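Below is the structure I would like to discuss, written out as C-alpha cells.
Which chain is which? They are A, B, C and D, in the order written, and residues in each are numbered from 1.
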C-alpha cells in the first residue's frame, strides 16, 4: 500500500462516502443468523426500511446489488413474454431495459435525449393506445445516475391513471433513496427498487424491493422462473425476523445504524441538505461557464450533477488529472456520454465543507487540465451556502 | 445492547468466526469501483479464488449468498426443461433440488438416508440407463452442512466416466471450500458453487462459481433466462479487473485478506487442521456415548460434526440451554433431523483451545440439559490434540 | 504478518482480552479535546470511574501506565524524606517500594514470603511503635499480580485504626479494579491506584488515582516536586469536563464504553463471575496435583492464579511450549519466582468456555512439556462450572 | 448520539485528523507486552522514531502526553535548583517554564511578544554573561502551537556555540515533528520533546524524548527525583524490544503504521506538503484582509496559521459559529491571545481538497459571524495550489 496524504474524495454518484459509524458497525463479529440476537436486527432493518421507502407494506432486502433488485422486481411480478414500457432517460434506464429483454420480456422503450426525465405525455399516449392492456408494467428510473435528471414520479402515476391503465408502476430509486424525497405509498408505486451504496451510506451489497399490495397480487399470478429473488419465501421468513438463505449479516449491521443516523438527522433535513448542496453545485457550474446536462430545472437531481465538457475537451482526461493531482474520484460519462460529461456526486454522508472541497477540486482540476472556464465557481457556491446557513438554526450539536 | 462477558462461541457450521484481520479489512472506506485502486483488488481476488478452488479457469464472484450461486450454476449452463440428477444427501441437497425445480428444470433425485454421501453406484446405474443423455447435469453437495457427511467427488467423476455420460458435474462446496481439500480441475468438476461465510472466514454476502471449459461451452448454448447471474458479462468485465454491476467492494477487501491468511498458513496446513479438529470432536462424541450422524467413516466431514440426541431428548432444548448458560451457538437439526441432532461447527478461523472450549460447552450443556451421557469427552479430545501437537513442529510464530 | 489460525488466548494477568466493543470505540476519530462533544465524554468517564472505585470523591485519570499512577499517589501527598511503610507481598509491592525510594522517600518494608497478603499484625505493631508518627503512609497492593494473593484491605484499615495512627492508606488495585469487589470510601482508603488494562478491559495507557478528603488535605501540604501528576490543575480542569494537558482521547472513548459494559453486566455479577472462574481454576490446579502459590485460602485472588511448577521443571519452558503449540500466553514468574511459577489470568472480558479453553491449554501444555501431573484438571473445573450454572438464572440474552 | 452529516473538520493544530489506517491498527487486540510478537513491534517503533527525529541515538517512548515528555526532559538531565534559560515565544513556552519551576528548577525567561521566534541575540548575550555556567539548559519551542511561529533551531545552536556555553539544548517539537523538517543530530539538540497527536497522525497518549550523547552523560549525573520518566530503566529494557512498565500497546500499533505511512509518502514530500498548505493558507488570510500573527516570514509555521481578528470582533464567537454551522473545529486563542486570534491547523494527514474545505469554512464562518473581510481567500489559495500542482508530478497512485 502507498499512503496518499489525507482522505480521498469519493465524489462519484455512488458508492458514496461510508461514515465511520456505519463501517464500525459492519466490523462487528458475524453472529448466528438463526439466533435471537439476529432476530432483533432483522426486525429493526425490515421495519426501518419501510420508513425509508415511506411505505406500510413489506420491503425485501437482498444480498446482491441494485441490478439484482431490478431483476427481482420483474421476475416476481410478470410472466414470460409480458410487455413492459420503459422510458429512455439515460444509461441506467437502458441497462434496465436490456436486463428485461434478457429475462424474456418484451420491452418497448420510449426514446429520450438523456437530458430530461420520462416523457409523461408519451407514456399516457402509449398507454391510451394499449387498449388490450398488453403492457403489464411501466418502469421508470427516478434519478438517472448517468445524467443527474429526475423523473417526477407523481406525474408518471398521473399518466397511468389518466389512461386508466392497470399496468404496474415500477421505479428505480437506487441513486435517490434516502437522498431525495420518495413516497412509495403516496405516489402509488408498485415496486420500488433500491440499493445500499448511495443515500443509505452503506457499502454496496444490498438490494431492495418495496412492494405494493397490487404488486403482491401480481406476484401470486407470476410464472417467471425464479428462486433466489422469489418474494414468497423471503416474506414468510421475514415475518419471524429471519431470511430463508443466509443474509449478508454484517451489511445488515450497517443498515441498522445507517437508518438510525438518517432518523437522528431527520429525513426532512436529509432531503433539504441534498437540495442545498445540489443548488450550490449548479451555481458553481454556471459560474464556471459550463453547462449542466439536465435541461429541465424542475428535474434537477439533488444527488448528483452531470456537467458537459466544452467541445474538444475530454472529460475523462480531466477526471484522471483531478484524481492524480487532487485525489478525488468523479463520475465518468457513460455510453453515449463517454468523455463528454463528468458527474459530481453530492449525496450520502456529506456536508458543506466537503462540498466546498469537492468543488475546489473540480475548479482546480479544470485549471490543471486546461479546460476553458471562468473562475468563481467555488465562490458562487460558498455565497449560496452562507445564505442558507443564515436560514438554518445551525448544525445541531450532539444531544 | 446488553453486555455478555467474554466472546461468543459461534460454533454453527457457518457463518464462522470472522477473524479480526478480515473484519478490519471490511471496515476500510468504500472506493470507486471503476478506479485504479479497485482494479488491483479485483485482479487479486479473481486470481486468488482460482488458487482456492485449485483451478486455472475463471471463478465468478457474486454479491449474493450461496443460494444465489446455486441458481447461477444452473441458469448459466442448462436449458429450460433440462433434466438434472441429484443425490439426496440431506437438507441442502434437497433445497438445491427444489431450487432447480422452481427454475423450470426437471429434477430426478436419488434417495438417501441423510447419513452417507451420494450413492455412486446408483448414479452410475442411472446414467447408464440414460441412453439418450437426457440428463444434462449431475449435482452433488460435497459437504452436507446438515449432516456432516461428505461425498467423495472423485468417485462421482468416476461414476460419470464409467457411464461415458456427457452430463455436467456440478458440486456445492459452500461449507467445505477452504476447509477440506477440493480440486476443481483435477477432479473434473464443471461448476463448483461456493460461499464466503464458512472456510473463507468472511461474513456472508459473496457467492462463487468455478467454471470448467466444458461448462463455458454449455453456457454458450444455454437459453435459461438470466441477467444478474449471467457469466458472459461478468467474465468480460472481470478481464479488466472490474464488474459489470457494482460489486460488494468491502467484502472483496475482506476476501483479499482472507486469501492472504489462508496462504500464510498454507492450504495443506489449513486442511490438516480441520481434519485434526474433526477427529478430536468425534473422539469426544464417542466418549460421551453419543452417536455421530455420519455412518461412513470415509465420509466424515472435517468441517462439522452432527451428533444424534438420545431418544426422548430434544436437541433444540439442549442448544437453547447451551446458548443461555454458556453463550455458544450450535447448529440446529434441519427439516427431518429437527430436534434429533445438533451440529458442531469446527471450521474456519479456529484453533485447539477454541475447540476445547467448544467441546467443554457441549459437555456442560449436556449436563445442564440433563441429557444422559458419559463424562470424558473433552478429555478424549485433549488427549488426541496433545498427540497431534507432538507430531507437529508447533504453531509457527509470526515471522 | 503470518496468520495463526484462530484467536490468541491472552491469559496473562493483564493486559487482558479487550472486547471488540471497546476496540471499536477506541477506533473512533479523535476529536477536539476542548470542544463540547469531548466535554460529554469527559464528564461521563469522570463520573463513571467514581462508581468503579465506589467513591463519591474525585478520581484522577492520567495518560500513563499504572506505574505512573503509583508515582502520582506518592508525589501528590507526601513530602521529601517522608517515611512510608510497605508490605512485601510480591514483585509489584517491591517495585512500588523501589519507586518510592527513587522519589526520595524513606521506605520501610515489612518482609513477606510472597505467598500471603500483608501481615496486618506486623503493620499494627509497627504503627504502634511509631509514636511520633514519622510514618506518613501505609502502601499496600490489594491484588499482587505476581502471586495471585490479595490483601484484605478492611484489615489494613483496622490495623491502622487500632494503632490510632494518622498515616494515609494507599492501595494499588491495578489488577483487581473492576474484577474483585473494592470499596474506596467504605474501606477508608486515601489513595487508590488503578490502571486500564486489566478488569477495565482496555488497552494499557490510562492510570487512575481515587482520592479521599484526607488525601486531598495532605496534597495541599505536600511539597514533592511534581507537575504532570499534580492533582490540583487536573481537578480544576476536570470540574469543567476537560483536562489541562491533552488527554488520551481515544482511550477515554474506550473507557466510557467499558464502564457501560460493566454496568450492563452489573458489578455484583462481574465480581461473582471472577470468583467462579478463580474457584474453577483452583480445582483444576489441585486435580493436576500442582500447588497454588497462595497459601491462605481467604486471600486467593479472583483475578489470577499462580501455580508452582514441580521441582526440576522450568515454568518458562512450559510457557514457551504452550505458546508455540496452543497459541496461549500465560504469565511468567517474576524476579524470585522466575521459572518457578506460571500465572493464569482469568480476569476481564471472560466467560466459562474461554476459561475451559484456557485450562485445556494448560493441561495440554503440561503434557507437551512433560511436566508430571494428573489428568482431570479440566474435568474438575467443568464440574464446578456446571454446578454454578445450575445456580444462576443463566446468561442473560441481549435485551 | 446525534448524527451530523458528513465528516467533522478537525482543524485545530492538534490533535489532528487520525487516518483510518492508523485507527484500524489501534483497533487490533492487545497482546502480551512480554511476548515475541510484541518485541517485533517494539523494535520497529524504536528504530522508526530515530528516523522521524533524524537521530542515530535512542528515542524514549512514553505512555503519557507531550506535557509528560517536557517533564521527562528536565528531570532526566538536571539537578534540583539548576538554572534553565527559556524564551517566551507564546503560551506553550510559558507552560513549559511554569512546569520547570514546579519541578524546583530556577527558570529565567527571555521576554517575547508572541509574534516571533526566540531572540537569538538575547540568548547569546545572556549566555555570554553567564561566565560561571550557571545555566544548565536552554529550552526552546520549535513550533509555538499558540502562535504559528517557529524558531530556527540552527540559530539557537549557533547562539550557544558562539557563547561557547556548555548548556544543554532542549527543544519542544510537539507540534512540528513529522510536519516540519527537524534534525535532532545535525542541529546538535540534546533533548527533543515530541508527542503523538500532531504530525504523527496518532491519537494523543504517547510522548517522546530524543536524546544526545551529551544528554545521556548529563543524565548520569542528574539527581532530580524521578521514576516513571527515568530514562535508564527504559533504555535498558528497550535494548531487548520491551518496556519496564506496561507500554501503551495499541498506540504503539498505530505508531508503527504511522511511521510506515510517513515513509511511503517520503519525509521530504511530507514537509513540502505542509509548506504548500501553509503558503496557500497565508494567501487566503491576506486576501481576506486579515493579519497573520507571525510577524517574521522566515518564521512562519507550516503546521498552523494563527490569524488576528479585527478589533471589536471576538475570535471565539466566530469559532463557535463556524462549529455550529459548518462542523469545523478551529484552534482558540490561548491566554493573552484569548478571543483575539483563531488558529487554523493544516498539519498531519491532510490534502489540498481538505485544505480547500477548511479555508471555505473559515471564509463562510467570517461571513456568518459578520466579521469584516474581503472575499477571495479561498480563490487565492486555490490559485496557489494549482500552480504547485503544475510543478509536481502529481499524487502518486497506490503502487
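Note that in this section contacts are C-beta pairs under 8 Å (C-beta built on N, C-alpha and C of every residue); 3 or more make two chains touch, one makes a residue touch a chain.
For reference, the UniProt names are A, B, C, D = Serine--glyoxylate aminotransferase.
This is a predicted model, so every value here is computed, not measured.
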{"item": "Contact-richer chain pair (by C-beta pairs counted) among A-C and A-D", "value": "A-D"}
{"item": "Distance-maximising chain from chain C - centres being C-alpha averages", "value": "A"}
{"item": "Chain centre separation (chain A, chain D; CA means) in Å", "value": "44"}
{"item": "CA centroid of chain A to CA centroid of chain C, Å", "value": "53"}
{"item": "Contacts with two or more other chains, residues of chain C listed in rising order", "value": "7, 17, 20, 24, 27-29, 323, 397-398"}
{"item": "Residues of chain C touching chain B in the complex", "value": "1-7, 9, 17, 19-21, 260-262, 264-265, 270, 273, 321, 323-328, 349-354, 356-358, 360-361, 363-364, 367-368, 375-376, 378-379, 382, 385-386, 389-390, 392, 394-399"}
{"item": "Touch list for chain D against partner chain C, complex", "value": "7-8, 10, 12, 14-18, 23-24, 26-35, 62-68, 71, 80, 99, 102-104, 195, 197, 203-205, 224-228, 230, 244-251, 323, 329, 332"}
{"item": "Chain C-facing residues of chain A, complex", "value": "20, 24, 27-29, 36-37, 40, 397-398"}
